[in-house]
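Take a look at the structures listed below.
What follows is a pair of complexes built around chain A, which joins chain B in one and chain C in the other.
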Partner chain A sequence: MNSVPLFSGLQYSDATYLLAGAGHTLWLALWAIVLGTLLGFLMGWLRSVSRIGNAIIVVLVDVSRSIPLLIQLIVANAALAAFRYPLSPFACSAVVLTVYMASFCSEIYKGGFEAVPTNLQKAARSLGLSYLQAFASVSAPIMLRRTFASWIGIVLGVLKDTSLAAVIGYIELLRTSQIIVTRTQEPLLVLLIVGVFYFLLCYPIARLGAKVEKGLRQ
Partner chain B sequence: MIEIKNVHKSYGDLNILKGVDMSVEKGEVVSIIGPSGSGKSTLLQCINGLEGISDGNIYVDGTDVFSRTTNLNALRANIGIVFQQYNMFPHLSVLDNATLALKIVKKLKRKEAEEIAHAQLKKVGLADKAKMSPSQLSGGQQQRLAIARALAMQPRYMLFDEVTAALDPQLVREVLDTLLMLSQDGMTMVLVTHEIAFAREVSSRVAFFDAGKIAEIGPAKQVIDSPRHERTQQFLSHQVH
Partner chain C sequence: MNYHFQWAPVWKALPDLWPGLMMTIELTLLSFALGAVIAFLLAWGKSSANKTAMALCVSWIEIARNTPCLFQIYMAYFGLGAAGINVDSFYAVLGAITFNTAGYLAEVIRGGIEGIDPRQQRAGAALGMDRWQTFSRIILPQLVPLILPGAGNQLIWSLLNTSLGMVVGLQELTGATYTAQSLTFRSFEFFIVTAVAYYALAKIVTLTLHAIARLYSGRGRAQA
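What follows is the complex of A and B.
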């Protein structure tokens, strides 16, 4: 009787499968980081200039920061389906991670905007710059430079948090590895390889961030 | 010409300016002296609309500063102001501090803006510091850069708000010499200052400010050497000339 083996060892094709998973992780992270930063910037600015704006946004920020991301993903996915507006696992993860990233960004950007001396804004206005011109050429660049290190920290966190998107069916790096583990029954080796993948994604960002920050300080 | 007419300003119950009248003719240097907290700096910042007023009018070359139809940004480009705290833009080099408004407000090309900025930096003795960061400059140099940054816009008027008050005594003179040079060039200037001797040296007229009003105004030597008002006499008797 011919028997089909239940388990098989690691194959070369697994490497390309893992690479594709890493690509999905990066793609999701990229969307969440870009949109989350833009939204967080807007929220941070609103929170720094308007008490009412701050009072409204802080509720969203507190909820987003206090509830584990895993629960947010499951609830958002289920709620969208319940309201007959289901999103793909990618789109749903991207939305949740964007709001999550924006919440953290709004916190550092609010503080950053408030830390820019009002005298600098005044000096820019005294030269004839409009509010928006002074904001774009003085307040915002100073704020972004001062908060850059914290922003890199958030980026690294979100990059790793993309692994939670697996729970609603997005096949990213960690989920890819789980699938391979199911077949090979070699969790340690596979997870080690995936750990190295995450390291290779995060380490250059951390180093580049440190380098850019050093440059900004000088 | 700057005309200040019956200007009042208050924050809630606190009256900062209580009916100020004065005018500054083209080419004139007018110094405002007086005790701290008397409203001198506030008045100065009202002239270019950085501070609002509660009542009265301020006209610059006939334009009502606080009229709804006035383009304040265009007006400010013609009135340079230098503050007590140098207010350098820390993320820009010395040169870029001086070219920023030229590029954004006057829409000049980089090369043109840099030519003007270099000329102004040279004028205040900072020609060799163009590529540095403002944080690498001394207080006196930063204040001279603030002057160059304002002059680069080629304003018709310059306002100076206690520009030497935050400086170490040995750095005061270099900034005052820059102001003196400007006055000799014929720049119309309004100075708020605690440097009484300098006010006497550079000003055509001196105004003594007390409790939100001008108590006395007249030719510099007369107000400082033989003040008529009792409060001016008291104030000046406590000053080291």
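What follows is the complex of A and C.
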């Protein structure tokens, strides 16, 4: 009887498969970062102007910082299934990561808005700018510049946390590598490639953040 | 919206989740304590004149901070296994989270040390103290309140990261919950209970830290 090999070695197609996994990671991260930042900006503004808004959002922030993201993903996935409104693994992870990112962003943006000197805002208004104009051309730019380094920190966290989406079935980079490992039984090499990818993705962003932070301090 | 919650299976399985909770607490405290010791060495090594030591410490810190913790756990479990070093999932997770915590804490410590006037080190040397004496008597007492908020955050991150143990089959709180729910398919109820447990643990950590911080600021006022 011919024996069929149980495991087969690494092939060239695995490289494209890994690249596709990397693409999925980036795609999920992009959605979560863009939507999370926008939502976090709104939430941060609301928290800085309204006490009631702050009291409500603070609960969300507290919960999303005190419960492991892994559990948040599983609970959200189970809730959607239980209420007969299942989303694809991608959509579910994107929603959870967006809320996660937004709650962290709202924290820094709230502080950022409150750190813009009131006199500066009054000066802008007395020059004839409307609230919206003063907000868009004075408060928001100052706030965004000051919070940029912290924002980079959050982005890095979310980039790395996309790896947890695998648990609810999204085939991103780390899950892709696990699939290849299962077939080839070469965990060390495949994992090293994946690690290098994450590192090359995150390290330059981290450096940029450190540089900006240093520049702001001087 | 006609889901019927059934909590009975969860209450029945609670005794099975208890050892998981204990393991989570054990992993959190152990990884944080070990990570803190290593973090001091890393922070010290990063500013060392010895090029090899510096490169080693810098790579540790950067790899720990720039790759996902889940990747680090896979590396410790599957990667080391492939290299012929077979580690039990408990030690793999403990090792990976310690590695991660040490990297982050080292930066917290470095930030704290930068907040202390460097002239104090020279003043210590001028008084005839060696490096260790200056560190333990002059720098460390000032460092603790400076790094307390960052270290506290990191302790919570260690707690949250232990949940990744589930992925390599470890029966900590999340893993134990996963096993329990797979017997009843009441995953929603089970994970809500676990989420509440993590929330409570995180709150205990936060409140404890607040108490310590108050203790410190109280003492500072008494001295002033």
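Methods note: the second predicted complex is superposed on the first by the 205 of 218 C-alpha atoms of A that agree within 3 Å, B and C clash if a C-alpha of one lies under 4 Å from a C-alpha of the other, contacts with A are read in each partner's own complex, and residues count from 1 in each chain.
The criterion applied here is as follows: contacts are C-beta pairs under 8 Å (C-beta built on N, C-alpha and C of every residue); 3 or more make two chains touch, one makes a residue touch a chain.
Quantities reported herein were computed from a predicted structural model and do not represent experimental measurements.
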| item | value |
| --- | --- |
| Chain B versus chain C as contact partner of A:78, first or second or both or neither | second |
| Touching partner for A:15 - first (chain B), second (chain C), both, neither | neither |
| When both partners are placed on the shared chain, which of chain B and chain C touches more of chain A | C |
| Touched partner set for A:187, first chain B, second chain C, both or neither | second |
| Contacts of A:115 with chain B and chain C, given as first, second, both or neither | neither |
| Partner chain in contact with A:133 - chain B first, chain C second, else both or neither | first |
| Contacts of A:195 with chain B and chain C, given as first, second, both or neither | second |
| Contact residues of chain A, present in both the chain B and the chain C interface | none |
| Footprint of chain A on chain C - complex, ascending | 1, 3, 62-63, 65-71, 74-75, 78-79, 81-83, 156, 160-161, 163-164, 166-167, 174, 187-188, 191-192, 194-195, 198-199, 202-203 |
| In the complex, chain A residues that touch chain B | 117, 119-120, 122-130, 133, 137-138, 141-142, 145, 218 |
| Chain B residues touching chain A - in the complex, by the definition given at the top | 48, 50, 73-74, 76-77, 80-81, 83, 85, 87, 89-91, 100-101, 104-105, 133, 146, 149-150, 153 |
| Chain A to chain C touching residues, read off their complex | 63, 65-72, 74-75, 78-79, 81-84, 156, 160-161, 163-164, 166-167, 174, 178, 181, 186-188, 191-192, 194-195, 198-199, 202-203, 206 |
